[in-house]
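Heads up, the next two complexes both have subunit A, just with different partners, subunit B and then subunit C.
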Partner chain A sequence: MKSKVIVATTINGEELEFLCEPRQSLLEVLRDVLGLTGAKEGCNNGNCGACNVLLDGVLVNSCLVLGVEAEGRTVETVEGMASGGQLHPLQQKFLEHAALQCGICTPGFLLAAKSLLDHNPDPTEAEVRHWLAGNLCRCTGYDKIVRAVLDAADTV
Partner chain B sequence: MQPFRYIRAHNAEHAATLLQQQDGRARILAGGTDLIVALREHRIEADLVIDVKGIPEVEELSFSPGEGLRIGAAAPCHRIYRHADVLHHYPGIIDAASLIGGIQIQGRASLGGNLCNASPAADSIPALIVHSAICEIALPQSRRRVPVEEFCVAPGKTVLGRGEFLASLHLPPPPPGFGAAYLRFIPRNEMDIAVVGVGASVQLDAERRHIRSARIALAAVAPTPLFVQEAGDALIGAEANEEAFARAAEIARAAARPISDMRGTAEFRRHLVGVLTQRALAKAVERANK
Partner chain C sequence: MTTTTTSYKVIGSRPLRPDGVDKVTGRAIYGADVRLPGMLYGKVLRSPHAHARIVSIDASAALTLRGVRAVITAQDLPAIGDKIADLGESVVNLRYASNNILAHDKVLYHGHAVAAVAADNVHIAEEALALIKVEYEVLPHVLDGKQAMSANAPILLDDLRTNELGKLGNAPTNVAEHIRHQRGDLDKGFAEADVIVERTFHTATVHQGYIEPQNATALWNEDDQVFVWCSTQGAFSVQEQLAELLQIPISRITVTPTEIGGGFGGKINVYLDPLAALLSRKAGHRPVKMTMTRAEVLTSTGPTSGSHIRVKMGARRDGTITAAQAELIYEAGAYPGSPVGAGCGVIFANYRLENLQIDGYDVVVNRPKASAYRAPGGTNAAFASETVVDELAEKLGIDPIEFRLRNAVREGDRRPDGPEYKRIGLIETLEAARSHPHYTAPLTGKHRGRGVAAGYWGNWGGKSSATATVNSDGTVNLIEGSTDIGGSRASIAMQLAETLGLPYEDIRPQVVGTASVGYNDVTGGSRTTFGTGWAVYEVGKKILAEMRQRAAEYWDVPVESVQVADGVFAHNGDQMSFRELAGKLDTPVTASASVHPQNYGPGFGVHIVDVEVDVETGKVEILRYTAAQDVGKAIHPSYVEGQLQGGAAQGIGWALNEEYVYDDKGRLVNASLLDYRMPTALDLPMIDTVLVEAPNPGHPYGVRGVGEVPIVPPAAAVANAIYRAAGVRMTELPMSPARIVAALATQSTNAA
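The block that comes next holds the complex of A and B.
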């Protein structure tokens, strides 16, 4: 019953294999098996968005995906956003606008915002707020996050 | 989470056979947005989880003018509301698919899953009912088809028996003069469960003046989503105007059997049924005129 399964996947551009139990969520696999602790466990039931990753480019809650479902897919986490020692423009703008305090929600917001700009490079404020409605932040009051995303959209 | 085995089904027969062999201890996995939470919270026990996402007909999303729309039971909302044919021919389905959860839920959640979860407040079910959707149910050796309004039988309960699962949904091609809409009331802008939801569809006559047929369905005002046939039938032959919409709304209000809970009182819900039925009909007629 507890036998583990080998899963072959691509995470942040790197092809790799991991072992997990079918009951382990992708979030647990990322954090506990692969040591990628960027995605956070907030509510663990799909309400808060702190565990957001891109699965084949689609924004998902990794707490609501089984690790075994990553077989043959590509996963992008916050660890893959910066490249060559350069922060992603969204990360840079989050810093400039002080769009974070405790930081727990930030990786999820960054992935959600990246997914928004992938679909809509020039969103309105209302579109940003709507897209980010599935991500909860209890520190910032959202305003600085929205401004950071709008500013990043102008930069990208 | 409780331990279970995981199998990717090759085809519908394979999935249905596995389901039957497990004697109620197997569950179908589509987007997982309900199932994984229920397994984690021990509201559901399972020895086997059967992933049906690799089955082409369960993932399919296709339209043809002759056949209408086929929505694989596991096709996620984000594919539905970005599909050019759905956008063009079925805006009433877009209404529902684009407001279930947030963006990250829509990346996984399917209309088939929303239906099988059988919540009385499910947003997609009134929209499917007013489009006269048919559920295609797979069994190990055969198929059966059930109109969507008969699919849910109690909160969380469906007509699915042992060894049966929902493979796809079929929506007939919209006839000329057809329009549909789904509206819900929630106390915030998004990410909430319907206090009341109302779906409406109309087919207008050739002059686009009189209503040839209409369907009205309600969410969150009864133990199951409610198809109010008499409210739609009352519009047959009527001129498509506010007076007729108000008459249908009155019948819908009378058919609602709401309870009072933290989302709203029974009285408020009944009021909302009236308001939303009129508005959904007006929107359906507006779309029928396009």
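The block that comes next holds the complex of A and C.
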């Protein structure tokens, strides 16, 4: 029952292997096994979106994915968004628009917004609000988050 | 939109926050991200009952599970006598606080902590919880404040006696306190009224809803030094609470605050910290990390009080309010300490009143102990009074903002609870709302309506300390102790930059723990930009004075002959910049300051909301929202706007959806973020803000607290809008679809 599984996967562009128990979620593996604590646990049942990552490019709640399901797939986390010493435009716009207060929901929002812009580079405000409805923020009232995403879409 | 008066170089600009990059790259360390070598994981066993006597606890089976390192119960906590402690926004009896940490003889709510386990990983700890056998004798429970006041209600705390207007009663009761504010002659006031409105209201228990669950990591060393890492609104408050709860000297406890994922008042009281410390000691002095699940957050931390409120107000035809009376019953949860006192302060604070009476009752019920939540008690109170004010205006045929203007408090008026107002901005804020394009825009369409409401919060000063060091290149390191929940590193650094005449970028602020800075009260009470801002203003003045002295020594002239302005020192035609002088310093220049400012000015907000009511389903859609507020002086306007927007959003959630739902056994049945329904991006429009700047004369830069005011008006504003949209006066929160449909059905029955 305690035996661990070797999982081979690609995380933020890097091929790697990790050991995990079959019962461990991808979120737990990212945070506790791999030390990638950018994904946050807000609810552990898929309601808040703070643990959002991209799995083969698809937005998922990593608390609802098992670690072993990462076998042979690619995972993208907030730690992989900035590249070449440059913040991703979404990261930059979140800062410029003061789109975070406490910041705990920010990694999830960034990945959800990235996923939106990957699908729809020129969303309307309504489309942004609909896409981000799986992510809870308790600080901002969403106004500045929505503006940041719309502004980033203009930039990308 | 901002109205402004004074011009500053740094204050009023919108620089990026110093901690921004860490927070958008996932690098910032929050409480749950802490990892220490040899760390164990702790979990809490909680009561499945609303009210029960603990007959026995048997942890022997759990202790035999491989990987389990320690189990604790209330027996492991030191016995504590009655002692009242002021913990920022809450005053608590430490014996009750200890019983809330781990239940002693009785459990008082579903989710009350009973035992805790430390194990090699979180899964083993959870397995161990299932092996702890607790025998309960279930007792009758009471969830509702009014029922808890009745003669035959189950008694929660055998030793509780009512503090009846300052005099202690002698019979067992659930009523901890009855307070009263009184002025003038109520009967005379109502006799003078042409219109009187009286209504009773009920508001549900709601939660702060921060996205980061409570967490704590603790190490109890062999030399009895205790180290704690946690997300908290106040490291020094955690230190003091632990010293009291664990009965060890304050100096032996070091609390290092991590980044904090929201608090709203709910991360002041400790829950896990003392458990993690005790488990660490019992598990052989290994560090123990504990985090709550979302269900635990909802069942066992923070909510704010549900309430029953009766309001009666009368006014003359000319729109003058002649009398106001209110009775507020607030559910404190399992132990005394609801925010009913603050509610009594808020309920009529907007209006000049000659005749008033306010009665408040603090009542214990079998729900989690209430803790502070953004303007604690204010939203409940304003929902009641601002709905009645709206109805008075309607009955008198006066525009609701005009009606409020005719009665609005101004400098020199007295608050219902006594003190005299200094410079306040309610009138300017009402005028700003009245002339806002939102208020003047026509609203058309079926079942649409516009509502307004005003709100007050007193704010707080608190104690703050800060230290700064001048570096050889002229930049400045700033050490502060106020945890940054919403951008306060920026607003604090900006005030130091302004004081020193330096660019914002030259100030590097850092938030540190109890070992590294002087005492700081919690980030709460809307006090940080005000109080810690004042501390860095004093630090800046000391640094300038010392630097001026150094410049005088350099030029070998009397210090009085050196002028300082905009970061430049000058004497008789010679000039030296702050940076140049910093490079010439032999002995370092550092300065510290501690302050406890009292002249925090209260703030007022006026909110305008347009709604559309779906009369078939009862769903209320927010079409447009504007929040105007007297903010004193906006240091960083983006974060001030953010406070208004966030407060409005929380208030809208409180108004429309959020509530604790219990089954008939007193168990919370909606302890998840799916069933405890907070607003999403899809539920809200953009939230427009109007920053009215009526500078607070009690602060060097005119700062007033801004964080709490904006949650006070929304529920009433939404209720008033619903009335205009659908013709029903809603007197219960939340105004959920089921309640709207029921109200509409009652309305049509009455009409028939």
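FYI, the second predicted complex is superposed on the first by the 156 of 156 C-alpha atoms of A that agree within 3 Å, B and C clash if a C-alpha of one lies under 4 Å from a C-alpha of the other, contacts with A are read in each partner's own complex, and residues count from 1 in each chain.
Note that in this section a residue touches a chain if its C-beta (ideal position, glycine included) is under 8 Å from a C-beta of that chain, and two chains touch if they have at least 3 such contacts.
Keep in mind that this is a model prediction, so the values were computed, not measured.
Looking at the shared chain after the overlay, A:Leu55 reaches subunit B, while subunit C stays out of its contact range. In the superposition on chain A, contact is made by A:Ser115 with subunit B only, not with subunit C.
Shared-chain residue A:His130: touches subunit B and subunit C both.
In the superposition on chain A, contact of A:Thr9 is made with neither subunit B nor subunit C.
Contacts of A:Thr37 after superposition on the shared chain: subunit C is touched, whereas subunit B is not.
When the two complexes are overlaid on their common chain A, residue A:Arg23 makes contact with subunit B and with subunit C alike.
By the touch criterion defined above, A:Asn45 reaches both subunit B and subunit C. A count of residues in subunit A touched by subunit B and by subunit C gives the higher number to C. In the superposition on the C-alpha atoms of chain A, the part of subunit A touched by subunit B in one complex and by subunit C in the other spans residues 21, 23, 44-45, 130, 133-135.
Against subunit C, the residues of subunit A that register as touching in their complex are 21, 23, 31, 35-45, 47-48, 50, 77-79, 81-82, 87, 91, 94-98, 100-107, 110, 125, 128-130, 132-147.
If you check the complex, the residues on subunit A that touch subunit B are 1-2, 5, 21-25, 44-46, 49, 52, 55, 58-61, 63-66, 68-69, 112, 115-116, 130-131, 133-135.
Those residues of subunit C that touch subunit A in the shared complex are 14, 16-17, 19-21, 23-30, 32-33, 35, 123, 208-213, 259-264, 291, 293-294, 485-487, 636, 638-639, 641-642, 645-650, 672-674, 678-682, 684, 686-687.
Against subunit A, in their complex, subunit B makes its touches with residues 1-6, 29, 31-33, 36-37, 39-41, 47, 49, 51, 53, 76, 78, 101-105, 107-108, 189-191.
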